[in-house]
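In the part that follows, the structures are each spelled out as structure tokens.
In the two complexes that follow, subunit A is the common piece, with subunit B as its partner first and subunit C second.
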Partner chain A sequence: MMDVVKRKWAPYLFLSPYMLFYAAFGLIPILFSFYVSLTSWNGIGKKTFVGLDNYAFLFNPDSYFFTSVGNTLLFVAVSLPLQMAFGLAIASLLYSKFVKWKAFFQLVNFLPYIVTPVAVGLMFNLLFDWQAGFVNKLLLEFGLIDEGIYWLGEPMYARVVIILMLFWKGFGYTMIFYLAGLANISKDLHEAAAVDGATGMKSFWTITLPLLRPVTTFVAITGIIGGFQLLEEPMLLLGGAGMGSASAVIGGPERCCLTTVWNMYDTAFGSTTRYGLGAAIAYGLCVIIAVFSFVGTKFYREES
Partner chain B sequence: MHRSKWGRGIAQAMTTLILISLLAACSGTSGGNNGGNVKTSTPAAETENNGAAEGGDSKELKGEFVLWTWEPEHPTAIAAFNEKYPGIKIKRVQVEAADVPKKLQTTIASGGELPDVIRIERGQKAKIFSMDILEDLEADPYNADRNVLFEYDAPAFSMNDHLVAIPDDMSVAGVAYIKSLAKEYLGTDNPEEMEAMLPDWDAFIAKGVEVLANSGGKVMMFPSLGGVYDILKGQRDQPYFEDNKLNVQLLQSIVTRLVQFRDAGIVDKLDQWTPAWNASFGGDKYMFTPSPVWMPQYVIGPNDKKPDRWALMVAPEGGYIRGGSSHGIPKGAKNAELAWKWIEFTSMSQAGAEAQKKDGVYTHFKEAYQNKEFSNWTWENFGTQDIGEKFFVDISGVTTDVAENVNDQVLDEAMNIVLQTLAKDKSFGVEQAMDRIQKELKAKVPDITFG
Partner chain C sequence: MSTRSRTVTATVSIALLSIVALLPFYIMVVMGTYKNEDLFTKIVLYPGNYLVENFKTVAASRFDLAYWNSFVVSAASTLLSVFVSALAGFAFAKYDFRYKSKIFGAVLLTMMIPGQLGLVAYVIEMRYLNLSDTLMPLILPWVANAFGVYWMTQFIRGAVPVEVIESARIDGCSDLGIFFRIVLSFIYPALTTLSLLVFLWSWNNYLLPLIVINKPEMYTIPLGITTLGSAYRTDLAAQILGLSIGTLPVLVLFAIGSKSFIRGLTAGSVKG
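Showing the complex of A and B:
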């Protein structure tokens, strides 16, 4: 009898620490934030149940939800392929016989990825400062421009700077995955191709690249998911240097760089304290990430 | 078999241990509140503190209060306070100015314990006041006397006409100018003559156009449109918002003035608080800068090493407030009376004013400034000019302030966009600016109405 009871309850006992952790720090916050998304609440006063009003507001023309989703998609769509192409190129170069001190160059290329986002944002802010930035000074020095470009004040330039920043920070990460992928490709294949008269480029396009497809798919999926969580870099880049700064515009000029997470953060904890709407934005983002993850996973399975 | 039994036993014991610790952590809230330290004192301990406070002898007051602040410690003020109240200790918790509202919200939402005093930066004031978490400091047991402060303090630090925070550092503001440029292009560098020459913004803009022409475009009046807006906003005689209703006429008049400044070409496009803006104080391109009390010490001084280049005057159309901080006591603070003694001493007494002055802080204790010796303040960049008298007598005498509510913060953000666009796009006019502001406000706070 005791044995039966033990057999029945033992698994639950062993699982209970995790289940309690998950309930306390995962499930309950998820359910609670969903409930909050159905209310109007400033975090202090009483919650007023408003049904789906917060979700309906996401579709309101005054809302910045879809603008922020569009901005985020744009950043991901432009920066991710660049990161992947450059990461692959660097990985192939490092894997080839032409490069010495491979470990050193691997480290150098990977370093931007481990720089804290706050430092990245501030660094690019200083580089692209309109009046005192190094980039403008360089362009002026070479006579390429007559007047400093307002990099962080013009929507198009601000987007370019963000994409450049994401590219610089992210290509090392893709490079590491491609290096691992390249190491898994048998050298026999390349040797056989060489014997058959294939050039280096030919064997890269017909052997290396197809065999790296699972890596490419994985990097793309994780890149898209990570891209949707973009917050700190643009926030620090465009958040201005201090109080009263004209550049301290949420989301940058014309809100051109307002990402979805930034929009959520600003709605709930920034210029307004609309916890309900903030939670609704978070759930909207969750749905979008889920869709991309689902599609990506499907691709990944097919590739595998 | 024996080993497997042992292994199972250890695993079960570990699991039970983790489970117990988890459950203990989950029920920690009530346990935590019954801790024995001062911060989480029991009702009995509180009664003890209160009893001592009522006893009236400052030496008998004992305990520790918690202060959320970002301000570095003021050693002289703390030493003077400790001399008067040797039994009261201050536990400082470092919280960045911009993070105070967030930290308050999350503490309240999670049922955590609020501190006994919070330092409130002006930019966050309306948001914190609107949370309705601050004690009425004019009620028992505080009984703050608003008459010891300046007249303009009452509307700015009150909710429903009751003081809920006591201002700490003076932040009245005028405009500072480079004397050599004023002498060359305006014919005088005497502050009083300058004030007579530039009584209002129309006169200022007209002179600015002359200066620009006479200098061949080399000298402008201000480095940044944001700075101009700071002055105009600070000089408004009515609040922007009455509850959720925006005073469109008032805002439009200010935007119109900004457009006039922009179109006159007398304001450059520097963003405030950037390296270029900081560096501009050491140059000779901009004649004027907005100058609150903290400007000589924190901006002009560090960026301009040449002495006696600047002078201070009352801004055209009067004084205004820029920045500054205050202290408030959250409702239900456990050591509120101890905290109040500290606020009262440092911000509302002669002894506190004198001690704080030694730490570089001028308080809002009005009476202190009746003594010329106290208000006298010179600063190397301003030569021998008594900028203390200019700030605390001349400018303070013509300064007003208005109440703000939580919508003002949203408007500030919308104005940042407008200022940025005005500076870079000459075709962006008043109408477009007002449309843009309305659009931004609607997106952030749909309840706002425009009247």
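Showing the complex of A and C:
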């Protein structure tokens, strides 16, 4: 290789800080977590080796493992397509030559994504508070309801609020990826289509959208993987950080909004201190994410 | 339609859509300017006049301490992470060594592993090292940042000409000297982008401080925001103001560096 300098020790020296820190605070915890997942342990007392019992227990409904995976999947399955459609619409508008103050609108629409997740959860907790919440007051004012809806106390409504919240937080993320994708499509294609008489809408469906497929796939994969790590927003929305709502229930009413990471946190560090089971939940989650990543990257490779 | 009317239509529609993004922020800020009792009785649409009073309540809760802790954690994480990533990126981009592609592949693979996988044991490790209730556990995981290494490798490969490295070497510059004097000066844009990303990720982190930090004087902003909730259970308005204040630095930082920030996030998704 022409581009590369040959030196014996230098590259190893330069890699060593990364390697040392990864080994100490990345790899060792991961390996030790696996060992912990084979034990029954409360973090203080004696560890008892239990083999694969913790993993077997994940299949027991009492572990809420698959309930939490199902909840998480439901949130992603409903909110992600909404985020993508809305993000694409805004990106297309921003990319068209007719919009002014592009940088400003891009910034505004991306803000929700970078706000501290804890703040997002609390913000929506306030908006949907049954007594002081803006949403109920607005609905009452317009006479659409007679008394405040108990948004965060009914499983069905709580899920709707979470999906709205994820949608609000996430459409800016899909928007910036679609903007990057649109900038990559050659203008000549649209000009050629216009010469052939294709109108804006038609050239969008027949040229733009198919060419954006790799971006769509990428956003879908990262959205699903990121979605599986969902924790703060539902936790603060429903966890009763004291923002007016009455009950501090784990996972919301009837655990309808318990996500997988929330379940892991609660098992190991929350209402119980079952470290072994918590570690097993983490490994279970990792397997599920690995399956989605594997299938996803296969799709992505085929398309790009 | 004329170009002018199209421009107006498109700009107005994007402005209307943007309201979706802004409205919750607006309501949050406005609610923080009212007296607590008023929040329960009327709809608040425009700013009130109770901002100073609410601010006093928030200030009394040692929110400044949480700010300082968050700043220390994020700044230290950012500096260490960017430095270590740039060093490793330099090695991968400009040197040839045994098992290079295998090691690089392994680094990329660790990018796929969810951060929660080793969490249980990491917490135990921190206890064992007597680091619980210090800020160290919140900094250490960022030092070895696989995304940072990937990002730096890609950038250094393209941005630093090998001729410059060679001629510096002929002039008697050491490898480490080349890194500090030459490589770093070529990669400012990449350093900025990575710094912004790591600062934001670290600032927003909640799960780790929630588990390892128990002392209120060690709280970071996300923890501080949530406990404002329990400390002033009755004063909703003060909590909301605290929320706005805690969110502010990230918004400002992002507004300043949004271009560089978006470039980092979208890196690798779209092949040019």
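Points worth noting:
The criterion applied here is as follows: the second predicted complex is superposed on the first by the 280 of 304 C-alpha atoms of A that agree within 3 Å, B and C clash if a C-alpha of one lies under 4 Å from a C-alpha of the other, contacts with A are read in each partner's own complex, and residues count from 1 in each chain.
Just so we're on the same page, a residue touches a chain if its C-beta (ideal position, glycine included) is under 8 Å from a C-beta of that chain, and two chains touch if they have at least 3 such contacts.
Computed from a predicted structure; not experimentally measured.
Applying the stated contact rule after C-alpha superposition, one finds that A:V287 touches neither subunit B nor subunit C. Shared-chain residue A:G43: touches subunit B and subunit C both.
Shared-chain residue A:P11: touches subunit C; no touch with subunit B. Judged by the touch definition given at the top, the superposed model places A:T273 against subunit B, while subunit C stays out of reach. Contact with subunit B, but none with subunit C, is seen for A:Y64 once the two complexes are overlaid on the shared chain.
With both structures placed on the common chain, the touch criterion links A:V118 to subunit C but leaves subunit B unconnected. Contacts of A:V195 after superposition on the shared chain: neither subunit B nor subunit C is touched.
Applying the stated contact rule after C-alpha superposition, one finds that A:F21 touches each of subunit B and subunit C.
In the superposed model, A:F134 makes contact with subunit C only, not with subunit B.
Set side by side, subunit B and subunit C differ in how many residues of subunit A they touch, and the one touching more is C. For the contact definition in use here, the residues of subunit A common to its subunit B contact set and its subunit C contact set are 10, 13-14, 17, 21, 24, 43, 126, 131-132, 241-244, 269. On subunit C, the positions that touch subunit A within their shared complex are 3, 6-7, 9-11, 13-15, 17-18, 20-22, 24-25, 27-28, 31, 39-40, 42-44, 84-85, 87-88, 90-92, 94-97, 100, 103, 107, 110, 112-125, 140-141, 143-144, 146, 149, 157, 162, 165-166, 169, 175-176, 179, 200, 203-204, 206-207, 210-211, 221-222, 225-227, 229-230, 233, 236, 239-240, 243, 246-247, 250-251, 254-255, 258, 262, 265-266, 269-272.
Residue ranges of subunit A in contact with subunit B, taken from their complex: 10, 13-14, 16-17, 20-21, 24, 42-45, 57, 60, 62-64, 126, 129-132, 150, 153-154, 240-250, 253-254, 269, 271-273.
Within the complex formed with subunit A, the residues of subunit B that make contact are 11-12, 15-16, 18-19, 22-23, 26, 101-102, 105-106, 108-109, 123, 127, 131-133, 224-227, 230, 269-277, 279, 323, 409-410, 413, 416-417, 419-421, 423-424, 439, 442-446.
For subunit A in complex with subunit C, the touching residues are 1-8, 10-15, 17-19, 21-22, 24-33, 35-36, 43, 86, 89-90, 93-94, 96, 98-101, 103, 105-112, 114-119, 122-124, 126-127, 131-132, 134, 137-138, 141, 168, 171-173, 176-177, 180-181, 184, 214-215, 218-219, 222, 225, 228-229, 231-232, 236, 241-244, 261, 264-265, 268-269, 275, 278-279, 282-283, 285-286, 289-290, 293, 304.
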